[in-house]
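Please find the structures below.
After this come two complexes, each holding chain A, first together with chain B and then together with chain C.
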Partner chain A sequence: MNNLLIWPVILPLIAGLLFILLRNHIRLQRVISVVVLGVVAGISIAIMNQISVNGIQTLQLGGWQAPFGIGLVADMFSMLLVLTTSIIAFCCVIFSFRTIGKERERHYFYSLFLFLITGVNGSFMTGDLFNLYVFFEVLLLASYVLVSLGGTKIQLRETMKYVIINVLSSAFFLVGIAYIYSITGTLNLAHISVRIAEAGQDGFITTIAILFLLVFGIKAGLFLFYWLPGSYSAPPTAVSALFAALLTKVGIYAIIRMYTLVFYHEPQITHLLLGILAALTMILGGIGAVAYSDINKILTYNVIIGAGFILAGIAAFTENGALGSIYYLIHDMIVKALIFLIGGVIVYLTGTTTLKEMSGLIRNHPYLGWMFFIGSLSLIGIPPLSGFIGKVFVTRGTFEAGYYWLGFIGLIASLMILYSVMKIFMNAFWGETVLSEEEEKGTTKGVMVPIALLTALTIALGIGPEIINSYVETAVEGLMNPQIYIDAVFGGNEIP
Partner chain B sequence: MEYIILILAGILFATAIYNILQKQLLRIIIGTVLLSHGAHLVILTMGKLKRGNPPILDESVTNYTDPLPQALILTSIVISFGITSLLLVLSYRTAKENNTDNMEEMRGESNE
Partner chain C sequence: MKPEPNDVVLHTVTKLAAVIIFTFSIDLFWAGHHFPGGGFIGGLTTAAGIVLLYLSFDIERIQTNLPIDYKKMAALGVLISVATGMGGMIYGDNFLEQAFGYFDLPVFGETELATAVLFDIGVAFAVIGTAITIITSISEDEL
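Right after this comes the complex of A and B.
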């Protein structure tokens, strides 16, 4: 029992509710949201240190013992993600001060922003399947409104598609929960894991595993990503960066959790399918990223390739693969936020999303240009930057598992990423300067701070992976050995 | 009894998918509503439709129906209710802004 665990979930919620009352005090809302996100980051670091000393922390809400109540479970994997989430949200909220505009701020933008963070943190920390569904809906509802907030033609159109796809996948999620309940008679993740381990994973349970793969695959942009490019390029930059960094990663987290904790008995069926889907995702995402010459489209297809690559490590189901996946997941969240923010600034400066209509930004904006260069090298996985270590371990994991084709496709996909982001860099930053400083549609004033922060973070993670190495290794240990998680949840009580 | 309800849920799912694949916005929303009805029926059935008393604590009663699926359904009804009302308002605005309620005509660039 550890009451600290509730704060990452409840603090953004309280702040979001408060902002509804403080509708016209925008300056106050800004200050409070920055403070709240900073405090959540601090709390998650504190919890991580407690975990590395005392093992996985749990909180049974209301004092009801494990399978009967709803519990929050903080293992190292989820706390690493909560920490990354709050850092990224911190950067995105600072970015939105300058760019989001008075109209949106007055219409509860910061409330919705913090509700979204509530949902994301809750999904990372919950230990109950139905509670996961509810937190998914919390973050999805906030995201529906954030995509459509502003109400331009294109936003409304894309929101319709986004909402309908997600309603469909939520309905399948409910059906999956119903099946799991009818077989195991419980909804607590650890308890489901125990029951399935006792009864053995038969064909029916494997089918349910694939149903869950479908549900979370839609949310994560894994193969079923056809809704993603449209709805991620419609909203304003601060929002689309937040989505690219967080929303698909929640789906990825759920797949990793379900496939390492619950459905790990038949890896030759479920994990092979996951590997095939990951490979197809990387190929199709790569083709999309190479094909377009529209900045938003290129960046959204890069999100899809990232999802495929992270899940390739889990599909391999070896210790190195999982290690690589976690490194790459953290790196991917940071670097996707970074390049989406810079892409947004480029669009903001030039007033167009088409690459052919822009050139020579490096003359007036050298810092922006070189930070984009660093971000894209990190995205590809060039050694001193943060993408490298994850890529090495994922590739090693897939080779160890004998999935040579999967590792190979991952490397090919890296080349496609290289081509697509260098296309942006060379078209937008090099060449003749067509826009003088006066002709630009916007300024970079005030938006460079979060971008510089994220760049520094990706460099720091690349140069000094030892900083988080011990944490990541604890996380891998927890993922590859579900017994640790189960023991922590039941805390020595008898399992009914 | 379970079989009848499951067949009913299957029919609801089939109708829902058919409606979601239509072009008119309102029909799609009707499809999503039917879909959530089907999902709720599946949850109810999967908790087993044993004949017991309503789950209200009473000294003289010993066999109750399973209360957990009912709580799950209640939660998910409220959520789908909220999403449906959002969808209705959203489709109203979308149809007004775009001057069409036909999904085919909302494809993208050429219709800007």
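Right after this comes the complex of A and C.
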């Protein structure tokens, strides 16, 4: 029992609710949001240290022991993601102060922002399959409103698509949960794992595993991503950066959790299918990123490639692959937030999303340009930036598993990323300066701090992976040995 | 100007029915501790009563007589529930841990008091607030 675990979930919730009561105190809301996200980051570091000393921490809500109660489980993997989430949300909320506009702020923007974080943190930390569904709905409901908030025509169109596809996948999620419950008679993730290990993973359970892959794949932007580029480019920058960095990652987290804790008995079917989907995702995403000349579209297709690459490491299902996946997942969250924020600033400055209409921004905005350059290099995986170590381990993992094709496709996708982001860099920053500082549609005042923070983070993670290496290795150990997770959840109680 | 609609029957019945519905909803709420009922369904019934009032009288009149911001009510409800959950943590128990005890009260005699009721009050507030907010915002739509 560790009550610290509830805070990353309820602290943003309480703050969000308070903002509804204090609707007109915008300044206060801003301060509280920043403080809350900072505190959550601090708490997650504290929990991580407890885990590295005492093992996986659990909290059985209401004192009902597993598998009867619903509990929160904090293993190293989920806490690393909670920490990254808080840092990114911290940066995005600071970015939104200047860019989001009075009207949205008055219409509960900060409340919804924090409800979204509640849902994301809850999804990462819950130890119960149905509770995972509930937290998914919390974050989805918040995201529906955030996509549509502002009510422009394009937002309305994309919201419709986004809502329909997500309601559909949630329905499939429920069907999958119903099947799991009818077969195993439990919804506690650790207990499901025990029961499936006892009974053996037969064809029916494998089919359910694929159903879950479909459900989470839709949310993660894996293969079935056709809705994603539109929905992620419709809302304002702070929101789309948050979506790109967090929402697809929740789907990826769910796939990783299910495929390492529950459905790990038939990797030659399920994990191979995951690998094939990851490869197709990388190829299609790469083609999209190369083909478009609209800055928002290029960036969203990069999100899709990232999703494919992270899951390639899990598809390999080796220790190195999982290590690479976790490194790359953390890196991807940070760097996607970074390039989305910079992309937003570029659009904000030039007033257009078409690459051909912008040029020479580096003369007036050298810092922005070079930070974008660093972000791009990190995205491609050039040492010593944070993408490198993840790419190396994922590729090594796929080669170890004998999936050479998957590794090669990952590397080819990196070249496509290189081409697509350099296209942005050369078009937007190089060339003749067409806009003088007076002609620009906006300023970079007040938005450089979060961008600089994220850039510093990607450099720090690249140069000093030792800082988090011990944590990541603990996380991999937990992922590859489900028994550690199960023992922590049941805590020595008899497993019924 | 449109003539005033003749809805004496509706008004008279609503005035009576609303009282019955509200009483019943409170009864459902209390029943919820040991029998079918509880904060969710009690709140929903209350919301149904308020909607009936909205339907038979006009929105302005109800809002002047019942000046509640339902959005805030919903937020307050969830806050109450979360705060009840945190109550257990003060005594070093798990989040959402509940407690109950028997007390000798003047009028009721020996009565069971439980913290779960506070949680349920929060749920009821949240349900009433959300339901009324949804219904009034749909009715505000201009076609």
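As a convention for this text, the second predicted complex is superposed on the first by the 496 of 496 C-alpha atoms of A that agree within 3 Å, B and C clash if a C-alpha of one lies under 4 Å from a C-alpha of the other, contacts with A are read in each partner's own complex, and residues count from 1 in each chain.
Criterion: contacts are C-beta pairs under 8 Å (C-beta built on N, C-alpha and C of every residue); 3 or more make two chains touch, one makes a residue touch a chain.
None of these values were measured; they are calculated from a predicted model.
In the superposed model, A:26 lies in contact with neither chain B nor chain C. Looking at the shared chain after the overlay, A:382 reaches neither chain B nor chain C.
In the superposition on chain A, A:59 makes contact with chain C only, while chain B stays out of contact range.
Comparing chain C and chain B on the residues of chain A they touch gives the larger count to B. In the superposition on chain A, contact is made by A:3 with chain C only, not with chain B.
In the overlay built on the shared chain, the residue A:151 is in contact with chain B alone; chain C does not reach it. Of the two partner chains placed around the shared chain by superposition, chain B is the only one that A:174 touches, whereas chain C remains out of contact. In the superposition on chain A, A:18 makes contact with chain C only, not with chain B.
Within the complex formed with chain A, the chain B residues making contact are 20, 25, 28, 32, 35-36, 38-40, 42-43, 45-48, 68-69, 72, 75-76, 79-80, 82-83, 86-87, 90-91, 93-94, 97-98, 103, 106, 108, 112. The touching residues of chain A, when paired with chain B in their complex, are 130, 133-134, 137, 141, 144-145, 148, 151-154, 156-157, 159-160, 163-164, 167-168, 170-172, 174-175, 177-179, 181-182, 187, 230. Interface residues of chain A facing chain C in the complex, by the touch rule stated above, are 1, 3, 6, 10, 13-14, 17-18, 20-21, 59-63. By the touch criterion stated above, chain C contacts chain A in their complex at residues 71-72, 74-76, 78-79, 82, 85-86, 88-89, 93-98.
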